[in-house]
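Order of writing sets the chain letters: A, B, C and D. Residues in each chain are counted from 1.
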């Protein structure tokens, strides 16, 4: 078995705007980068009958998600000319209006970063074993399902 | 002539990571948003023969750029179901490694924000009367051209 | 021969636990059948099965110490 | 009859100014011709023309007070 380094993608609770800024800031020293593409998933206060979503509680099959993410990361680096790629996903409760997913790709020219970011978002939603439990105003809940 | 409100897109010098964070932060109160898509253009320290690009000095035909941006903005809001759209472009000197373009779209579901962001970036580069003068290590310069 | 069963999402609610051990399970079909006998409401829930973190399709033989995860549709992001 | 000429990008260098006024210009072709006579290096530079902020194709008649912008290829973003 070849060695591989799994990178943790999970953060406890919401991804803060400050964490995003710090991540952007760190790339100012990489002067071969010409383009960054960022996707942020934000929890919506959807109306469910009489109730509203107040937050989503995320759980994951963490070991498998990190293995899968490793595989996706390798495939995307293979396919696009990227300089960097960063993924962060929340675990635990994220309130409506807060960020639960942060996908960040960088490249010399814009197409690679943009296409890689799009593909990452699709694959993360379809392939990572993560579950969101929507918490409603009356403290009942329902399980989210990605379409 | 109908009334129209031109929004300024120009900022003096680089767009800071902090300004981006502040902009993201402001959207936490909009709980109908489920997805944000962000594109950042960063100045590359390209090698030009013996020289390197140390920065780009941007100038624009500002009045026309804002008129054109108004037109593009209207067309994009017409075409995609967006909740918001923010565009910032630098004027003056932006050092290599710094951000010169910030495009930010938000929507309920991810496709609209992602596609609108991509289309905005393409149209901004192709249609806005903005010129970048690349400043080289020896203080000579050359005029950039978008492909 | 023991296998470890991991449950996720709504399955943790239905079974009241997120992890259990089963004995004498020759294959994944036996696991599904045993759990269905014990929790008939399982028939209403769609789930995929991963054995040692690999999603499987169809039936798969099990050996001692394997981990079988029952995973409802994902909803990350 | 006066029109205002705006210059951008490398054209400001070539002409040593970013703004000038020309008299008796009946159309945009006359503007191009007059500037080319004065600055022969212009023939090596591609540019688009905007009249009152609208990009034009071909020749366009001018009236008093119009603004004619000579714009090399854009390079924003």
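Worth a mention:
Criterion: a contact is a pair of C-beta atoms (placed from the backbone, for glycine too) under 8 Å apart; a residue touches a chain by one contact, two chains touch by 3 or more.
Please read these numbers as outputs of a predicted model, since none were measured by experiment.
The chain with its C-alpha centre at the largest distance from the centre of chain A is D.
A straight line joining the Cα centres of chain B and chain C is 49 Å long. Mean C-alpha position of chain A lies 23 Å from that of chain B.
Chain D has its Cα centroid 73 Å from the Cα centroid of chain C.
Among the residues of chain B, those touching two or more other chains are numbered 41, 121. Residues of chain D in contact with at least two other chains: none.
Of all possible chain pairs, those that touch are A-B, A-C, B-D.
Touching chain A in their complex are the following residues of chain B: 17-18, 20-22, 24-25, 27-45, 96-99, 106, 108, 110, 114, 118, 121. Per the touch definition, chain D reaches chain B in the complex via residues 6, 8-10, 50, 53, 69, 71-77. By the touch rule above, chain B contacts chain D in their complex via residues 41, 58-61, 63-65, 67, 89, 100-101, 121, 124-133, 143-146.
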